[in-house]
Amino acid sequence: MNYFYEKVMGGKSGLTGFIILAVVILVAFPLFLDIFRLNLVGKYLTYAFPAVSLVLLWGYGGILSLGQGVFFGLGGYAMAMFLKLEASSPENTAIQSTPGIPDFMDWNQLTELPWFWVPFESFTFTLLAVIIVPAIFAYIIGAAMFKRRVGGVYFAIITQVIAVILTVLIVGQQGYIGGINGITDLRTLHGWDITTDNAKVIFYYICCLLLLSIVIVGRLILTSKFGSLLLAMRDKEDRVRFSGYDVSHFKIFIFCVASIFSAIGGALFTLQVGFMSPSFVGIVPSIEMVIFCAVGGRMSLIGAIYGALLINFGKTAFSETFPQLWLFLMGGLFIAVVMFFPNGLAGIWNTYGHYITDRLKQLKTVFVMKPSPQEAKQDLG
Amino acid sequence: MSANTDFTLAIEELTVSFDGFKAVNDLNLYVDKNELHVVIGPNGAGKTTVLDLICGKTKATSGSIKFLNKELTTMPEHKIVRAGVGRKFQTPSIYENLSVFENLEVSYPYGRSVLGSLLFKRTEKVERKIIKIAQDIMLEDSLDMPAGLLSHGQKQWLEIGMLLIQDPQLLMLDEPVAGMSVKEREQTAELLNKISKGRSVLVIEHDMDFVERIADKVTVLHQGKILAAGDMKKVQNDPKVIEVYLGH
Amino acid sequence: MGGYTYSELGAIFAMQGFAGISLFSVLLLMALGLAIIFGQMGVINMAHGEFMAVGAYTTYFISTITENYLPSLMPIYFFIAIAVSFLFAGLLGYLAEFSLIRHLYKRPLDTLLATWGLSLIMQQSFRSFFGAREVSPTLPDWLLGSYQPTEMIDIPINGMFVLGLTIIVTLVVFYLLFKSSWGLKVRATTQNRVMSGAVGINTQKVDRYTFALGCGIAGIAGAAFTTIASTGPTTGSLYIVDTFMVVVFGGAASLFGTIASAFSIAQAQSILEFFISGSMAKVYTLLALIIILMFKPEGLFASKVRR
């Protein structure tokens, strides 16, 4: 337990950060936001999953994946396929020429459910698929790349190409997977209406709890010897290899973990937003996930969550009022973070945060200790 | 395939060529048990390439490298290390963002699989071993310091320590005293003499005074081939060696 | 491929082959610039597509001005447009290197992100200046129409023109890189930056002009692009991934590899497109590339270097 407190939670300051995050998302948001906004925040929090995954993969491992949207999408589509099948019961789709299959299949003259849809009639299978399918996919990509020692910018470009391939594939296969519109009109989960306010609140909490869990899992990984090795591989890959480690296994593993984290986010996205489409799979969303992570701080699991929240708040606020400015701002943010704040918000906090905490402590002494007037003056001046 | 021998390391007919250029050409080199063997030679003689070949960083074009009668040329790098070959790089190669303690811990030869490293526990036995090694390399006072803040010489020692903690049967050091002060050189020579007990050490070095202090046996490499071999005296007086070093 | 006779197949291959040549030309022009920037400098320029768009918009802008104010120059304005596209994109590249890239040479992954940010800013600028709609310049008459050697084969003249332009640019780049003293400096800097600086090469200047040249060539690619398709704010981003694949597949430092790889990628995609849908052609081409790269991670033509 002591180990858990000191190492995993990072002692007092680490635990404080974690508790503040938990209070903000579990208490403050539900208290102050109406259901529409809360649902929106829930959506933003699903983007935090890939952002956290990138802290492990990119911040610590030095492996920049520009394809986390692929895994987000795989998780999201798995969930969407299950919900779509439930929404396409023969009663609901009686007007179609082939009742019982999703509407877009019917529009594309399919008369039978394709084989890869069939297992998604089971909820258990779907939950497993959300985890296992991305993991297997990541394993194949990772094994192929890392065993051949493809890394650095080459890995980044190839993951980006994979994101392109998957997007083009989904868009091109309208009859099988819904094409550019994605999988829409998802209404119920085991007969439970997921569009009600009640359901949205429940999904929001599930999302928060899972997010906090992956932060803890992430910290467990980072505080183990594996975590030190990740940093070691990032800085001196050859030294690790010539210390007797099979570097590729470690990279494959962390890539798989990152893919699972992203996929969980994707599945939660589908549940909260009620649809899934290729626009969350391709290059642009994938690279946005990287910027969430970079803005929050590529070395900080919790920072990545704030990064995802902040940018998405900003995006919503700006695209409502100044849609033109948003891309300028986003582009400027990319440049500024990379050039001036490579450790993002977390880095700024670590550098300047103590000014704020010191000041707070000073104020506390001023008001609690009732010092002499001169002292108080000095402190405030 | 060559026959088995009593040597720790037996290199036979080893050749590697890069687009036709033979960096190492039909090389035969033997390192005995408990021997401290130094390879010298002018720049571009193929010294570092020989180390690269032994530790698997470069693949041989032909020939054989046997370590305790195990053929290394077909093994992947991490297995060569696990078989007992440790290699220090020319520029100090340490993890600057980890502490000295963590540098040694990461090199500790348990928990080398993914699962093993996730479940690895910092037991008392591990700590004792790390402290023991830190004493050997004169860094016991800097265990909690980020390795990036060490001096150049200390970084070299740390990397040697990272190898020692794995107890290799063959230790290979590429220019261990390059960039060190006179005092640090002396300390390093002492360190090498101490750690060569019970294992074989293969060193590449330019500094002749240093070589004289440590070497049991010296091999001179020139253009990928052996020019001379034997003890320091014999090599120093070899006319071919003198010509290569002084003739141009 | 059942259902086609041999002569039909031959005509299909010839026609798709020529269609592929237009794609090849644009890809190669894009890739040449990128190969210089990535291959010689190791910089990942994600905004490269936007530099192409700069060329395309410049061409459109000049065509509009010529049409409205100097209609007599219509037949030759395109050549002026090519030159201005080169200069303007090159100038922007020069500024980008000065203000952004030079601070990030040691952090390639960060360059990738920063130039992505640059690309977003450029895209939004296009949208602000030229609107979200796609635009096309009015092409001079002599670029329109086609040449029909046989009844079944139809070769568009704009494709031939773009091919000619590509060949000229490629030759110039070869000359600059392998015959001029500037090229020697660039290659020296690529291989050993510190040493080059020590022997008196102004490596900063070399970097800046190399980057500017790469962007300028992207500008020419943009001018060429306007003859085969219309330009929108996101046009550049559509080509950037393909272009990177061309460079990586060809072997980052090999110009010859870049040409061979642009040709094979463009032809594969174009010929496949006739038999299966365009999107699946792209999927198969990219998949094949990734699989080949797994077996040859250093690309098709990479020299072995002793490290």
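Things worth noting here:
Order of writing sets the chain letters: A, B and C. Residues in each chain are counted from 1.
Keep in mind that, in the parts below, contacts are C-beta pairs under 8 Å (C-beta built on N, C-alpha and C of every residue); 3 or more make two chains touch, one makes a residue touch a chain.
Here the structure is a predicted model, which is why all the values come from computation and not from measurement.
Central chain (C-alpha centroid nearest the global protein C-alpha centroid): A. Note: the chain lying farthest from subunit C is B, by mean C-alpha position. Taking the mean of the C-alpha atoms as each chain's centre, subunit A and subunit B sit 44 Å apart. Averaged Cα coordinates give subunit A a centre that lies 34 Å from the centre of subunit C.
For the pair subunit B and subunit C, the distance between C-alpha centroids works out to 48 Å. Listing the residues of subunit A that touch subunit B in their complex gives 221, 224-226, 228-229, 231-232, 235-236, 238-247, 249-250, 253. Residues 55, 57, 76-78, 81-82, 86-87, 89, 93-98, 102, 105-107, 109, 111-114, 117-120, 159, 162, 166 of subunit B are the ones touching subunit A in the complex.
For subunit C in complex with subunit A, the residues that touch the partner chain are 44, 100, 103-104, 107-110, 112-114, 116-124, 127-128, 237, 241, 244-245, 248, 277, 279-280, 282-283, 286-287, 289-290, 293-295, 297.
For subunit A in complex with subunit C, the residues that touch the partner chain are 58, 62, 64, 144-145, 148-150, 152-154, 156-158, 160-162, 164-165, 168-169, 171-172, 283, 287, 290-291, 294, 324, 327-328, 330-335, 337-339, 342.
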